[in-house]
């Protein structure tokens, strides 16, 4: 019963890191630069949120499978197999959690008063430095919110993961898959314990992130 | 060093058309509320770009609509005190003030870095804000904010200083101290300065030249 | 308990006589097996026993047969496929992905009528299904769930399709039928015997007549692309030992 | 093929309205008032995000089913049946999309400079009026972001809906359920058309909401 | 109407201890930057509450730590001009100014509403901001913001006016106009006012009484 927990943790953490980076990247690029077809990109990013996870999983399977373009490329050139490995689970968790990170980063960036970025510019900062030292810290509450949701989504991800990573005990069986099969095979006790662990665990994560958020929040504090 | 600017621009409901050249020293800009003083500084700093115009800091042309020159704000090497200060809410007073010098190449050299930082210290000292170092902008008073903004703008020793009513929130005693410090700073570093002020006293004290704006145009 | 261990011993004897197994005993390999989720309990039990005799690692991937079929089609690593339905195996055979000679209908199952706690005593047998006491019946979606297809066939041959048409609640899979009946939201359900044995609240009423629907089969076959076909064949053999058969029967399957 | 689309729309819209109201309510109450056990409430709200939808669905089935407390109460007193009706689908869609609305509202409220609410207080406004006229408009980018995500989640909701509402064509069969069964039964054409419709449709919704957002955003505009 | 306040409070690194009573008229509060002037207004308005103290507007006690009286800010019926204006970014200038009167009971009566609204119009007129009506705060100048904030605070005819450097961002010409208007307003409505200003001219012009703060304490 331990291995799905550790695996879920590992997969969700790595996926959240990627979502974090990509969500912030796209949130910034698409909303601060004049990117043509912004609305289309945005829709593509949000799509995995709308499509049933099993459909997303199927699309990923086609793309990353042996016969898919990306899957073929990775196996040929790097010998990396995606299907039926935890890497596949990371990819699916990342794809389904990215919309959450993106939207949260986006609204956080939009809400920042541009005067601070302008002030940093007059002080000689490069765009990248402004981003790191001003934009990102001021967007922090929204970013953390996105991280919480992404992590939650990544840890709960099931449909797409099952499709691309499979359900191999000890190798790709995550908590949700373990719960599903415990339920499926009538192991109510195991299912209940796993659900309980997920609840306790998510409580801790949300608690920790909230505490962190409070420390990092400069705007909302009473003056 | 001569500073030259010629700016023509149509903002919605407000049109700007100003040309002027001044030699090193302090140019005081006056004009009624809403005359376009802040707007002028935005153009000169590059935060806004005019449709037609040319801006030069000495030899260096930073904007020219004909030659399509437009040096970005961060390379114009200016110091700007905003009318509402625009202190970074996520940084302490000390971090706000040292923010600009960390962008300077000199900062990589250890000896120079020490010198820059100790210069920051001395500026904070003379402006009586050293006890606020660790406070965040939301927790300091209006006048304190203004002094922090002024310090932040001058510690990088910019090529041009843009000051938007930098003394308005100071009480008279503090004002005197800051005036004296500013006077000294001006004499030591000879930085061309554009100073927006409503105070005739300040104008008298600092102005080497003076222009008056009205409705986006120069009237004197 | 005890009698299982006995069957297990029998099986051991059977297998140790085969030279193939001894070869792979020297150096274990990993065998990828895609198996229908409904077999997970039984296969896991068999795996434990198998590991005692064999150095090969069995790596099971459990999912619905439809998902497994798609994964195999997209080239997911797999040596042996145990499907819960004929159709999914047929699809792979048409695509030329399985070793046709190795295909075998290994197991069967029984379609069983279950009832919720409240309705446990309302009807005696399958023939009164059309009575007014039966307000709702849940079956799997016939298009996608094999058990649902068989249920539909049974209704047809019992001649009650029209009478119960409005009482049918279609479910995503057999497990959902069980949950509907267990929570009392649906009165009756048709599931496999192997699933019915997992029922926690509610009753098993009766088996549907075996001739009222197509035979329920679980085909098994080796996958052409497999990397460890020899080792997979060993396990394939092991599945047909008496020990394995005993385990399957314990979980409600029928040996064909 | 038309009826799942209309049904999905109806269900997702109603669910989003409820999520909108509840998410803003909880986002405000839990983050502006000193509610004891805030972290616990927050975790409960976010839980449906973490739990596999089938588990959420099962829990809803127990609560709203014939034998469940709520389900029994509703049938007894109002004659309303939840299970196997579109109301059930609305409930499950609302439950799974609420975490998104909540988190987005929360981070939006936290990011508002309290000086504006204080100013409104000095002008004699009641808390409710301040909320309506100052807090909510200033939180708008985050709120809209939450609405987009909630709607997307509601329209894509599958696992929990299927469990509680069933899959009754014309009555409770939504787009994701229709897609799922089309894919499972190998009706690739129908599946593809439905996926296409969902993509086009979500594009329109995101586009419309983005346009609306731009009109309503006061903060981010360049000064 | 006498206004009385006695405030004792320990904010982190800053302690306040002030007691004063003044009759109707203008009380000018002076003191160096960081002396606690803004903080005092926050206590009087109820945006902050002291540990120990009593605040009364005439007969009405709005705060008393002994009797546990603490009337919320919104019922204290004050007009407050914040040092940084705090105009609602989501409302136009006109909406900002009429925001307060919409909270008044009078607003429900049609005739009274018309009167209130036309009063708003006339205030905007005299402060020369009527052409800005439809603009949002982010698009007006510093001095314009200040006049809007002042208008917003006075149109509700509050029982007590709290003005935190309300003229500091105005140019001299505009200042004169606003001074005159404020003088007139004061004479027409007799509203007790606490005015924070650094200008000795303003102090001279408006002060009926004056206190000086230093480090959170009264020193005159």
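Per-chain residue numbering starts at 1, and chain names A, B, C, D and E are given in the order in which the chains are listed.
We take it that a residue touches a chain if its C-beta (ideal position, glycine included) is under 8 Å from a C-beta of that chain, and two chains touch if they have at least 3 such contacts.
All values reported here derive from a predicted model rather than from experimental measurement.
Among the remaining chains, those touching subunit B and also subunit C are A. Touching subunit C and subunit D together: A.
When every chain is reduced to the mean of its CA atoms, the largest separation from subunit D belongs to B.
Counting contacting C-beta pairs between every two chains, the top pair is A-D. If you average the Cα atoms of subunit A and of subunit C, the two centres end up 35 Å apart.
Here the spacing of subunit C and subunit E, counted between their Cα centres, is 79 Å.
Each chain gets one centre point, the mean of its Cα atoms, and the points for subunit B and subunit D are 49 Å apart. The distance from the centre of subunit D to the centre of subunit E, each centre being the mean of the chain's C-alpha atoms, comes to 43 Å. Subunit B has residues 84 in contact with two or more other chains. Residues of subunit C found to touch two or more other chains are absent. Among the residues of subunit A, those in touch with two or more other chains are 54, 58, 115, 183, 219, 223. You'll find the chains touch as A-B, A-C, A-D, B-E, C-D, D-E. By the touch criterion stated above, subunit D contacts subunit A in their complex at residues 39-40, 42-43, 46-47, 49-55, 58, 99-100, 103-104, 106-108, 110-115, 141-142, 144-146, 148-149, 152-153, 155-156, 158-159, 176, 179-180, 183, 191, 195, 198-199, 202-203, 206-207, 210, 213, 217, 219-220, 222-223. In the complex of the two chains, the subunit C residues touching subunit D come out as 66, 91, 141, 143-144, 169-172, 176, 179-180, 183-185. Chain contact summary for the complex, subunit B toward subunit A: residues 45-47, 72-80, 82, 84, 86-91, 99-100, 103-104, 136, 138-139, 152-153, 156, 162.
Only residues 32, 34, 37-38, 40-41, 44, 59-63, 67, 70-71, 74-77, 175, 197-198, 200 of subunit C touch subunit A when the two sit together in their complex. Within the complex formed with subunit E, the residues of subunit D that make contact are 115-116, 118-126, 129, 133-134, 137-138, 140, 218-219, 221, 223.
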